[in-house]
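Residue numbering begins at 1 within each chain, and the chains themselves are lettered A, B, C and D in the order written.
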Amino acid sequence: MTTVAFLGLGIMGRPMAVNLVSAGFAVVGYSRRPESADPVVRAGGRAATSIADAVAQADVVALMLPDGPDVEAVLTGEQGVFDSVRPGTLIVDFSSISPATSRELARRAAERGLRMLDAPVSGGEAGAIEGTLSIMIGGAEEDVERLRPLFEAVGATVQRVGDHGAGQSVKAANQLIVAGAIQLVAEAIKLLEALDVDLDAALRVINGGLAGSKVLDRKAAAMLKRDFTPGFRAELHHKDLGIVTAAARDASLPLPLGNAVAQLMAALVAQGRGSLDHGALLAVLDDLTAARGTEAANGAEARRRHEGITK
Amino acid sequence: MTTVAFLGLGIMGRPMAVNLVSAGFAVVGYSRRPESADPVVRAGGRAATSIADAVAQADVVALMLPDGPDVEAVLTGEQGVFDSVRPGTLIVDFSSISPATSRELARRAAERGLRMLDAPVSGGEAGAIEGTLSIMIGGAEEDVERLRPLFEAVGATVQRVGDHGAGQSVKAANQLIVAGAIQLVAEAIKLLEALDVDLDAALRVINGGLAGSKVLDRKAAAMLKRDFTPGFRAELHHKDLGIVTAAARDASLPLPLGNAVAQLMAALVAQGRGSLDHGALLAVLDDLTAARGTEAANGAEARRRHEGITK
Amino acid sequence: MTTVAFLGLGIMGRPMAVNLVSAGFAVVGYSRRPESADPVVRAGGRAATSIADAVAQADVVALMLPDGPDVEAVLTGEQGVFDSVRPGTLIVDFSSISPATSRELARRAAERGLRMLDAPVSGGEAGAIEGTLSIMIGGAEEDVERLRPLFEAVGATVQRVGDHGAGQSVKAANQLIVAGAIQLVAEAIKLLEALDVDLDAALRVINGGLAGSKVLDRKAAAMLKRDFTPGFRAELHHKDLGIVTAAARDASLPLPLGNAVAQLMAALVAQGRGSLDHGALLAVLDDLTAARGTEAANGAEARRRHEGITK
Amino acid sequence: MTTVAFLGLGIMGRPMAVNLVSAGFAVVGYSRRPESADPVVRAGGRAATSIADAVAQADVVALMLPDGPDVEAVLTGEQGVFDSVRPGTLIVDFSSISPATSRELARRAAERGLRMLDAPVSGGEAGAIEGTLSIMIGGAEEDVERLRPLFEAVGATVQRVGDHGAGQSVKAANQLIVAGAIQLVAEAIKLLEALDVDLDAALRVINGGLAGSKVLDRKAAAMLKRDFTPGFRAELHHKDLGIVTAAARDASLPLPLGNAVAQLMAALVAQGRGSLDHGALLAVLDDLTAARGTEAANGAEARRRHEGITK
């Protein structure tokens, strides 16, 4: 029986760890907040008291953390994974971080005789719960094959896309498309609301044609109701778009829509709405068209100042 | 047996008319280019020699024309549809035109005792051939119901979305999303090409997650090969985006991504590439990153002029 | 002594008419709001009771109206200018309207034996008061020369730029640059406010280099204080940007910055801030970065839901 | 007599060093390319054989280098400035680098008892030759005062804008405005070329009004002729816009126009045109509207495939 240490039991990590238990893996979960491990324990896993405790007996160490510095700290910090694992342990990082950081960590792992895969996922909380994530993997083919049963326990699409860092590169492209697709749906909703149409019927028929997408399937209805409960937090998507725009800049590559939506996601974060779902891009458009009390009054005054031949 | 006059037998109209014949309708086809009616005749329909000839005995008149002025000319011109149909004839306009023109034509039809529906479609040439179009319909509910068998002969999703013009409004929102989705895929392809990944695998796994879409299903593979055979011509999509941006402007509605992609589609048309598939948005990005011969040389010279302490 | 009928006595027209009086012209002013003519009368002009009354004895008819439909109504409406002037009267339209409308009105004037110039201005209320406007003129060279004393009474830069409509085309390009320049200053202010610099000193030194501009000279200080008293109303600039984007669309010309700022100006109008000064583009950026009460709370709740290994 | 070591004798540094000689400073110039020091020697300065040689007897060390890593290498590298100067030497960095790097280098200088100012400039090659640069300075007020005669020998506007790094922050805002202003002029030129106007007259009258700017004064004429000889190289402006977008991202600040023009500048660099003048932004627009040979043919073929009732 393969023993998996699972580090990071947030919205995504927790259901993934539970699915691994269900698929027959021996799972040792660790989170900085001990109560986060409860669902894993209830499912039949074990809660570790430290990173070192979690990984000591593991065959595989899985990570699902918010950002690159978190992954770096957990792997290379004192009493971290690199210090505590058995030689030959395979590390699989499900986090979404920059391709450059991912490559660098794989290099440092190799120096210690450890093998590593970057395996960011797409599909959101629903995909994590249902075990239907899309997993985009960078690293050695043989390591991907060795972990295929594990990947298939949490994902429906398991795809190696290249060497170390390639998974992260593909995730960046994925997040570019997702952010843009949400913004397009937001713009379409605003346009439909401004015109006189049956909104539910409209989104249904649009989704039936070439405009059809998973974003329309899964997010449009909540957006229409301005329900921005995450789901996937805007501040994480903001971080991902930072990876996208930095990669594009390194390649002197213009991304007209990618950069435009990155601006709008930055606005969401600047407004203190970073913990809302990324569908809250619609709220930025709502702001841009909402009447402003004070200034409107100010405007009325200004208008009185203005006298002309017409109106 | 219902007799349908079908006016406009282009890439979309021809297969739609053929599908109506197959579904048991008596179809009389008319096109300015007589040979365009051949497939309809081979399927069992009849070719008319004029608009008047086509519509004289029709129960239903269907139109599938490039733009508003075409529809207006065919309906209201001398010897046009309004002059030639029997009272009570139902006119269904599958063309994509502006909501305002559509409403105005419905009003003028009503003045003559004619009933009208706007019924633009999505799904492209493939959807027209397979009879799986999405049809977004504006007009009276009873007229939609009366024509439901006709709609179901050409489409898989048949949806009334409001009164006269509402079909066009929804089509505008649809075209906004489609153009944006193509541009996002183009940007993702450029990003993936700049990084070191397996492109086919990457697009497959991206399509398996929240970024999944019909545009990825149907267009990404051809775009990757720079095969821009239409499909749906950029110049028609340019026209559609003109409807989108005009509607947004009338509503003082900012559409950051919609307007950005409208600019890029305009560039395609300005470059004389308007008859390529709209997937050629990728060609604009290719241009923006392709090395320029003469100027590069010019640049080298300029560089020689520049002397500094470092590189 | 040349008699000038001046139609339209708003923020711009009023001081222009007064300057014409000061320069020795016999000025007959008309506005739909009679009190608007008071300053002209105080300066030594006459107030007319109707358009017909104003233009009946005029050698030159000058117009300064908000938009094309206003100009069209005043010229071609019943009891309008075309019906009431003496043959050979020269009409000079200072309004900013679309080049196409301008050409069409010149054509209709010519049919009646009237001569016309389009002569939109730049320089704002201050330029109108000081008589230092820039005037961009379309029409016959001899007519421009004939009116040169009149133009020099209201403007510092008087320039014929081509045939009928050319003045409007140049004004469109002018308004594109002005809107963009204001938005750039707004973005620079936000950036400087986010960093730790002495704002007044910063804007002063920026204005001393290649970034220097009239917009920095005249508008940056008020913008910094969020004083958006017009000046030039955003809703008029929104109208002008509609002319810009329509002209660009007709030419299939992408205007990446022009269209982006047109979106933001549309947002201002949608927010009911259309009667503020166009410098209020900064207020849109303020919105995009201002903390949102309710949603921030919503976000805090969402954050509580989220548990992870870090933070 | 104050001895100034001047490190970096490129397009900007060379004339600045010459102006210091003319103003009575004892100047020791150093460049990796010895011949770059020739004009300084001819003016009465001395050429050094190494950084150490240049700075050993200097009261002030001035730097004018392309980017942050260059500055870091020259200051902190082996046999670099920090290793070779006398205690108490004042270092003034005219280079444009990131505010964060600037602050960090000032901190490391202070650890060694050295004082430092960041003093990036605006005004281009012409401003450097004429000694009319705008200088935006970060650091201690007393150090700025001590160096005022030096600053006034090379610049017309000398302004302290805050503490260490503030000069760079203001330069970033400056470069945002300059890039945007050039792009706006490029868009206006394209619009005017598409319409039928006298281009020289048009730009003259535009420059007379609120749209007036130094960019119109100095760059529009060359742009109109498509003369893209630098001047200021696009690749350096691309670097500067990287500083702008990174600073904006750190502050979660959306910069709609700043980011849009950064994309277009990136395109210039990707096209191998980085060593052209930044006015070559117009060449990108030219590309976006230039007819494409092969694809146009391809398009003609596609058009033949398409048959419809109209055209």
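By definition in this document, contacts are C-beta pairs under 8 Å (C-beta built on N, C-alpha and C of every residue); 3 or more make two chains touch, one makes a residue touch a chain.
Computed from a predicted model, the values in this text were never measured in an experiment.
Where subunit A touches subunit D, over half of the residue numbers in use are shared by the two copies, so each contributes mostly the same positions.
Rounded to whole angstrom, the centroid-to-centroid distance between subunit B and subunit D, based on C-alpha atoms, equals 46 Å.
Once the centre of each chain is set as its mean CA position, subunit B and subunit C turn out to be 38 Å apart. Taking each chain's centre as the mean of its C-alpha atoms, subunit A lies 34 Å from subunit B. Annotation for subunit C: residues 248, 251-256, 260, 263-264, 267, 270, 288-289 touch two or more other chains. Under the stated contact rule, the graph of chain-to-chain touches is complete, every pair of chains being in contact. Residues 238, 242, 245, 248-249, 251-256, 259-260, 262-264, 266-267, 269-270 of subunit D are the ones touching subunit A in the complex. Contact residues on subunit A toward subunit C in their complex (touch as defined above): 7-11, 13-14, 30-33, 35-36, 65-66, 70, 73-74, 228-230, 233, 256, 267, 270-277, 280, 283-284, 287-292, 295-296, 298-300, 302-303, 305-311.
Here subunit B touches subunit A in the complex through residues 99, 121-124, 127, 133-136, 138, 156-157, 159-163, 165-166, 169-170, 172-174, 176-178, 180-181, 183-185, 187-188, 190-192, 194-198, 201-202, 204-206, 208-215, 218, 244, 247-248, 251-258, 260-261, 263-264, 285, 288-289, going by the rule given at the top.
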